[in-house]
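Below you'll find a set of structures to go through.
Paired with chain B in one complex and with chain C in the other, chain A is shared by the two complexes that follow.
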Partner chain A sequence: MEYKISDKAKKFTLGLAIVGIVLLVIGFFQQKDFVYAELIDDESVKIFYNGHAGEEEQAKLEESIKEKMSDYELDFVKNHDHSQHENEHANDHSSTHTNHDAESDHLTVDENHDESSDDHVGHHGPTFVWEVHVKSSNHDKNHSEEHNVSDHSSNEQSTHNVDLDQHSSNNGHHGDAHHNTKSGSEVLTEMINNREISFFDSGLRRFWSNLLINGFFFFGIALGALFYLALHYATESGWGVVLLRIFEGIMSAMPIGMAVLLLVFIVGTFEGHHIYPWMDSNIVDPDSHSFDPIIYGKTAYLNKPFFWIRVLAYFATFFLFLRWFKKKSRQEDAEGGTATHFKMYRRAALFLVFFAVFSSTMSWDFIMSIDTHWYSTLFGWYVFSGIWLSGMIMVMMITLYLRSQGHLPFVKESHIHDVGKWMFALSFLWSYLWFSQFMLIWYANIPEEVKYFVDRIQDYKLLFFGTFVVNFVFPMVFLMSADTKRSAGYLIVIGLIIFIGHWFDVYTMVIPGTLFDQWEFGLLEIGMFMLFLGTFVYTVLRAISKAPLIQKNHPYLEESKHHEF
Partner chain B sequence: MHKEADIRLPLILGDKTYKDITDDVIKPIESKAPKTWYLLFMISVVIGLWGIGCIVYLLGTGVGTWGLNKTVGWAWDITNFVWWVGIGHAGTLISAVLLLFRQKWRFAINRAAEAMTIFAVMMAGLFPLIHMGRLWLGYWVFPLPNQFGSLWPNFNSPLLWDVFAISTYFSVSLVFWYIGLIPDFATIRDRVSKPIFKKVYRVLSFGWTGDAKAWNRFELVSLVLAGLATPLVFSVHSIVSFDFATSVIPGWHTTIFPPYFVSGAVFSGFAMVQTLMLILRKAYKLEAYLHVKHIEYMNIVIIVTGSIVGVAYITELFVSWYSGVEYEAYAFLNRATGPYWWAYWSMMTCNVISPQLFWFKKLRTSLMFSFFMSIIINIGMWFERFVIIVTSLHRDYLPSSWTYFHPTWVDIGVYMGTMGLFFTLYLLFSRYFPVLPIAELKTILKSSGKNYKEGYGHGEGYWQKHTEH
Partner chain C sequence: MSEKIIYAMYDDDDHLLDGAKDLVSKGVHVSDVYSPMPIHGIDPIIGVQPTRLGIAAFLYGITGTMLAAIGLRFMMIVDWPMNIGGKPNFSLLDNLPAFVPIFFEFTVLCAAHGMAITYLIRNKTLPGMPPRNPDPRTTDDKFVMEIRSSENSKFTYEELTKLVKKTAFIEIEEKHIK
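Moving on, here comes the complex of A and B:
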C-alpha cells in the first residue's frame, strides 16, 4: 500500500508551478494604479488621481499621455494641492473608491465626498486634478488660453502649453462640436478609463491582495481537510477510513498557506501594504488628517499586538493538532489496539471546540477586517462553509487521481459517491449561507451594511453573482443524480469548476476592499494561482507518499472496506 | 455485504428475535391502557379545553386581551409560535438527515419524534392564526384572487414566506411519517383480533401486502422524501428567523439568524424528544431498544447544537460592539443588564452553560440527569425566543415609549392550552400507533443486536462473522 509520487505527477505539478512563476512575474509588472478621466466638453477633459505620485511620476504620466495623443494638441492645466501628499494612505483606502463618475449614486455613509471642497476634507480629495484641453494639432492656441483664464484664474496652477504640430491626420473640425468621428477629448477620456494610461502601482496592491487570497484559500483547503478528519473521528464514522490518509496528506500542506499568510501579516504590520486599514497608524491616530473614528472604535479588538496573539494562537493550535493526529495514526499502524483510536476520538472533539471559535474569529481577522467598517455576524460561518467545501473537492480530486493510478484498491465507487454527496451537500450549505447573508443585508438596506454589497454589485457584478450562480447551480444540476456522483468524468469537471468558483469567492471577499473599483484580472492572478496549486498538490502528494495509504489497525477499517450501497 | 465494527455498541439489547420486536412494540396497543394513561389523558384534555376556551374568549373579545401594548407588539404569541416550530424540527431531522447519514440509532426514536414534530407544528400554526384576530378569514394568507375578498398578499413579506414554509414542512413531514407507518399498520392489522380494530388498521395500512416490490418502492420513497425534507429542515426555521432578521430593529437584524435558529431548533427539538422518550421507554418497557447509548447520542447532539447556539450568542454580542453602532450595542447591553436581565441570564444558563455538563460521560449517560436537562433546555429555548422578541422591542428609539411587558391570564392560558392539546394528541398516538418502527428495527437486529453481535443468536450474521475473523 505504499505510494511513490510518479515522475509524471512531479513534472506536472512542479511544471505548473514554474509556468505560474513566469506568468506571475510578467503579471507583476502590469499592476496599475488607475487614473480617472471625466469628459467636460469636446475640447477638455478632467483627469484626476487619488493615489500617491511624486513630481517625477506625474511628469512621466504626462509624457505617456502626450505620446498616445500625438495627433492632438494638448494643453495641461494642473491643479496641485500639496496638502494631499501627507494623506496618501487614506487615499489608498477610501477615497480612490468614491471618486469617479460611476460613484455618484453610491450609498456611502462615511465618505460622502465633494471634489471641489478639498481643503478641509483634504484626505478625501484627489492627489491632483488636471484639466487637459485637447484640440486637433492645427487648432489655434488662443482658444485654450481663454479657457484658462475663465476657469482657473484663482487657483494656483501651472500651465503647460503643448504644441505638437506633426501628424495631424485628423483635421477639419476647428471648434466644431458636431462631427462624425470622436473628438480628441472623447478619445483621451476613453483611453484613460480603459486603463491604457495609468500609473504603475507602487503599492503593489494587486500582488499583496492576491498573496492573501491564495494564502488563505490554500490554507483553508488544508484546514478543511483537518476539520473533516477530526469530524470523522469525533462522529465515529466508519465509511471513510480508507480515505483518511488522503485527508492527512492534504492537511500536511497547511504550512504553505500559513507561511504566506504570515508574510502578508508581517508586511502589513510594518505598513508595507494597505490591505488592512486598521493597521495603518494614521487611521487610528486621532491627530492625523486621515483619522477614522469608526475604525478607532474597534481598536480594542483590531490592534496589532492582539491580532498577532490571535494569529499565533490559531496557527499554533491548528499545527499542533495536525502533527498530533498524524503522529497518532502512525502509532496506531505500529501498535494496533483501540487505545489510540479512543484517544483520537476525544482529541478530535477537543479540536472541534477550538475550531468552532477560531474558524469564526479567524475569518473576521483575516478577511472581514479588510472592509473594516463592515460587519456581519454570519461571516465566519460563511467562510467556513467555503473552506470545508474546497477541502472536500481537493480530497475528491486527489482520490480520483490516486485511484486512477491503481493505488487505492479499497476505495470503491461507494466511497467516491459519498465524497460526491459531501460536495453536493456543502455546495448547498455554502449557497444557503451566501443567500442568507446577502438577502438579509439587501432586504434591510441599512447603509453601514449594504455598502459592502453595493461595492461588489457596482464594480464586480459579473464575478459577484457569477460565483453564486456557478457554485450553486452547477453542483445542484450536475451532482443531483446518483450516477454523476459515481462518474469520475463528471466529478472532475464539476469539481474543478466549483473549485475555481470558490477561489473567486475568496477573490470577491478580498479584492473589492483592497483595490476598490481599480481591479483587473490577468496574468498575475492566473500565474499566482498556478504557482500555489502546483506547489500545494506536489506537497500533498509527497506527504501522502510518506505513509502507507491505509490505516491497517483502524478499528473501523473493515466497515470502510465493505462500504457498499 | 454490510459489516459493523466490533467496537460499536449494540443498539438492541437482550436476546431479541423478530417476533419479540413485534410483540414489544404492539403490546400497548393490544392491551388495556393503564390508569396512569387515563389520568394523564384527562389532565391534558382539561388543559387543552381550557386553552380552547381562552382562544374563543380571545377571538370574541380581541387581541387586546393579550398583554401586548404599543411598544411590545409581539410577545408570548410569537415566542410560543417559534418555540413550537423549533420543537417540530427534531423529528424531520432525525428521520431525514440522520437517514442520509445512515445513523441506525435513529430507529429507536424516529417514529415518536416524527409524531412530536407533527403535533408541535400544529400547535405552532395556531398562534399566527389566532394573532390574525379574525380566524375565519385565515385563508386570506394564501394568494387567492381578489374576488374571494382578500387582497393579494404581500410577497415581499417574510410572514407570507412562513405560510408557505410551514405548510410545506407540515405536509412533507406528515407524508414521511405516514409512509413509515404503513408497514407497521399492516403488522398490527394482521395481529389484532377485535373486528373494529382490524377494520381500522386495514384502512390505515392502505392494503399493504409486504411483497418485494412494495418494499422496494417503500425504500425509494423514503429516500426521496428524506432528500426533500432535508432542505426543509433548514428552510423552515431560516424563514422563521427572517421574520425578525429582515427588519431593521437592533437585536433582530443580524445575519447569523438563519443558521443559528436552525441549530437552536434542533437543540430544542432534541430536548423535547429526550423528555418524551425517557418517559415512553419506561412506561412501555422499551428499554432494550432505547437504552443509554441512544440517550448518549442524543445528548451529544444537544451539546453540539447547544454549543453552536452559544457561539452564535457570543458572536452577536461581540459584533454588536464591533459594529460601532450604538443602538446595536445598546440592544445587547440592555438584554444582559436591563430590566429583562433575568430572562437573558436564564437563557444563557439553560442553553449555553448547562449543556456543557454533558461533556462528562457520567452525566450524559445518566437518565435522570438527561431528563432534568431536557426540561431545562426546553425552558431555556422558550426564554431565548422571549429574549429576542420582547427585549428587542420593549425599549425602542423613543425613551418615552419604553415599557415592560406583563402577560395576562389569556397569554398564559393559550400557551398552557397548546401544551394540553399537544399532550392529548401525543398520548393518543402512543396508545394507538406503534411508537417504534417495527419493520425498520428488524433490519438492524442482525447487525446491531446484542445477541447477534456477541454470537449467541442463530442468524446468518453469526456464522459469517466468525468465518471471516
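Moving on, here comes the complex of A and C:
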C-alpha cells in the first residue's frame, strides 16, 4: 500500500509551479504604476493617472503633493480625460485657465498618441492629466521669519537656540535644493515616479494582497482537512477511514500557507505594505493628520502585540495538533490496539473546541480587519465554510487521482459518493451563510455595515455576484443527483469550477479592501495561483507517499472497507 | 387462485440481507421485506425499482417556490405595495433578497409535506389504514421476508421452504390464500 510520486505527477506539479513563477514575474513587471509623471520643462510637470479615482481621492493626491513639495509654489491645471463621463464637472477650478486648458488638452491627446506603444497608457487613456507648474519660491524664507517672530514673542532665552536650528536647517535645505541643481519639477517627477507620491502605496500592494489571498486560501485547504480529520475522530465515524491518510497528506501542506501568511504579517507589521490599515501607526496616532478615530477605537483588539499573540497561538495550536495526529496515526500502525484511537478521539474533541474559537477570530484577524471599519459576526462562519469546502474539494481531487492510478483499492464508489455529498452540502452551507450575511446587511442598510457590499457591488459587481452564482448553482444543479456524485468526470469538472470559484471568493474578500477601485486581474494573479497550486499539490503528494495509504490498525477499518449504501 | 406465502423472520438485518442474497442467487424471487428501519442495499437485491420520490420532491419544491413568488408578488407588490424600511416596493426583482427566505421556507414546506404524504399514500400507511405487515414485531426489532409461491413457479412449495430454511431465520410462518 505504499505510494510513490510518479515522475509524471512530479513533472506536472512542479512544472505548474515553474510556469506560475514565470507568469508571476512577467505579471509583476507588467503592473501599471497608477500615478506617473512626465517632465515637461523646468517649471512644469505632467501627472497622469490610470485607474479610477473619485474627487476625494484626487483631492488627497493633490494634498499629498502639496505637502511633499511645501518648499515650492504649485499651480495645478486639471484636465480630465473625456473618456471619463462622470467627472465632467472638472473645470470648475480655473475659469481663467480656459485657454491653457484647451492647450494642454490638445497636448494630452498628442501625448497619448505618442505613447500608445508604451505600457504607460492603458487603452482607455488616463483618467486625469494634471499639469503642475512648479516655482521655486521664497516661500520658505517667509516661513522662517514668521517662526522667528513668534519665537521672539514667547521666550528670549530659548530663541537663540531655536533661531540657530531654524537657520541651519533652512540653510541645509537651501543647499540641497540649489547645490543639486534640480529644479522643482524634476524633484516632483522623481518623487512620483519613485512612488513617493502616489495613490495608496503603489504596485506592491497588489503583490502583497495576492500573497495574502493565496496564502490564506491554501492554508485554509490544509486547515479544512485537519478540521475534518478531527471531526472524523471526534464523531467516531467509520466510513472514511480508508481516506484518512489523504486528509493527513493535505493537512501536512499547512506550513506553506503559514509561512506565506507570516511573511505577509511580518512585512505588514513593519509597515512594508498597508494591507491592514490598523497596522499603520499614523492611522492610530491621534496627532497625525491621517488619524482615524474608528480604527483607534478598535485598538484594544487590533493592535500589533495582541495580533501577534493571536497569530502565534493559532499557528502553534494548529501545527502542534497536526503533528500530533500524524505521529499518533503512525504509532497506531505500529502498535495496534485501541488505546491510541481513544487518545485521538479525546484529542480531536479538544481540537474542535480550539478550532471553534480560532476559526472565527482567525478570519476576523486575517481577512475582516482589512476592511477595518466594517464588521460582521457571521464572517467567521462564512470564511470557515469556504475553508471546509475547498478542503473537501482538494480531498476529492487527490482521491480521484490516486484511485485512477490504482493506489486506493479499498476506496469504493460509496466513499467517493460520500465526499461528493460533502461537496454538495458544504456548497449549500457556504451559499446560505453568504446570503445570510448579504441579506441582513442589505435589509438593515446601516451605512457602516453596508459599506463592504457597496464597495464590492460598485467595482466588482460581476466578480462578486458571479462567484456566488457559480458556487451555488453549479453544485446544486450538477451534484444533486446520486449518479453525478459517483462519476469522476462530473466531480472533476464541477470540483475544479467551484475550487476556482472559492479562490475568487477569497479574492473578493481581500482585494476590494486593499486595491479599492483600482484592481486589475492579470498574469500576476494567475501566475501566483499556479505557483501555489503546483507547490501545494506536490507537497501533498510527497506527504502522502511518506506513509502507507491505509491505517491498518484503525479499529473501524473493516467498517470502512465494507462501507456501502 | 390459491397461493402460499412464506414469511421468514430474522432478528438481524445482516442475516436477512445475506439470506436474501443467497435466495436470489438461486433464482428465488423475494416479493417484499418488512423492516422497522431502512436496510441499506436491500433494494437492488430483491429487485425493487429505485424510488421516484426524489423527482416528486423536486416537483413539490418547484411548486412551492412558484406559489411563493406568485403570492408575494400579488400581496407585496401588486395588491398593496408595502414599504418596509424603504425597500423598493414596486418590483419583485428589486426586492428579491427580502423575499428569498420566504421562497426558501415555502419550497421546503411544500416539498416536505408533499413528500411525506406521497410516501404514506404510496406505502398505504396513511393514519387509519389497516396494517399490511404480517407481524407487529416488524415495527419493533424483527425483520420479515415475504416469498410468494405464485411468483416462484419454477420451485415447488417444498423446495422453497427448504431453501428458506437454509438461511439464518428465527421463525417461519406460512399463509395459505384460497
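Keep in mind that, in the parts below, the second predicted complex is superposed on the first by the 396 of 565 C-alpha atoms of A that agree within 3 Å, B and C clash if a C-alpha of one lies under 4 Å from a C-alpha of the other, contacts with A are read in each partner's own complex, and residues count from 1 in each chain.
Going forward, a contact is a pair of C-beta atoms (placed from the backbone, for glycine too) under 8 Å apart; a residue touches a chain by one contact, two chains touch by 3 or more.
The model shown is predicted, which means the values in this text are computed figures rather than measured ones.
A.B. asks: Overlaying the two complexes on chain A, which is it for chain B and chain C: clash or fit?
C.D. replies: Clash.
A.B. asks: Looking only at chain A, is it chain B or chain C that touches more of its residues?
C.D. replies: B
A.B. asks: In the overlaid three-chain picture, which partner chain does A:Tyr443 touch, first (chain B) or second (chain C), both, or neither?
C.D. replies: Both partners, chain B and chain C.
A.B. asks: After the superposition on A, what does A:Lys298 contact: first (chain B), second (chain C), both or neither?
C.D. replies: After superposing on A, A:Lys298 lies in contact with chain B but is clear of chain C.
A.B. asks: With both complexes superposed on chain A, which partner does A:Gly466 reach: first (chain B), second (chain C), both or neither?
C.D. replies: So A:Gly466 meets neither chain B nor chain C here.
A.B. asks: If you stack the two complexes on chain A, which partner ends up touching A:Gly272: first (chain B), second (chain C), both, or neither?
C.D. replies: neither
A.B. asks: Just checking: does A:Pro255 make contact with chain B only, chain C only, both, or neither of them? Give me first, second, both or neither.
C.D. replies: neither
A.B. asks: After superposing on chain A, which of these stretches of chain B ends up overlapping chain C: 55-63, 91-99 or 199-207?
C.D. replies: 199-207
A.B. asks: For chain A, give the residues common to its interface with chain B and its interface with chain C.
C.D. replies: Dual-contact residues (chain A): 439, 443-444, 564.
A.B. asks: Tell me, which parts of chain C touch chain A in their complex?
C.D. replies: Its residues touching chain A are 40-41, 85-87, 97-98, 100-101.
A.B. asks: So in the complex, which bits of chain A are touching chain C?
C.D. replies: Residues in contact with chain C: 435, 438-439, 442-445, 564-565.
A.B. asks: Going by the contact rule at the top, pick out the chain B residues touching chain A in the complex.
C.D. replies: 1-8, 100, 102, 231, 234, 238, 242, 245-248, 253-259, 307-308, 311-312, 315-316, 319, 322-325
A.B. asks: Quick check on the complex: what are the chain A residues that touch chain B?
C.D. replies: 236, 238-239, 294, 297-298, 301, 338, 341, 353, 356-357, 360, 364, 373, 375-381, 421, 428, 432-433, 436-437, 439-441, 443-444, 446, 448, 555-556, 558-559, 561-562, 564
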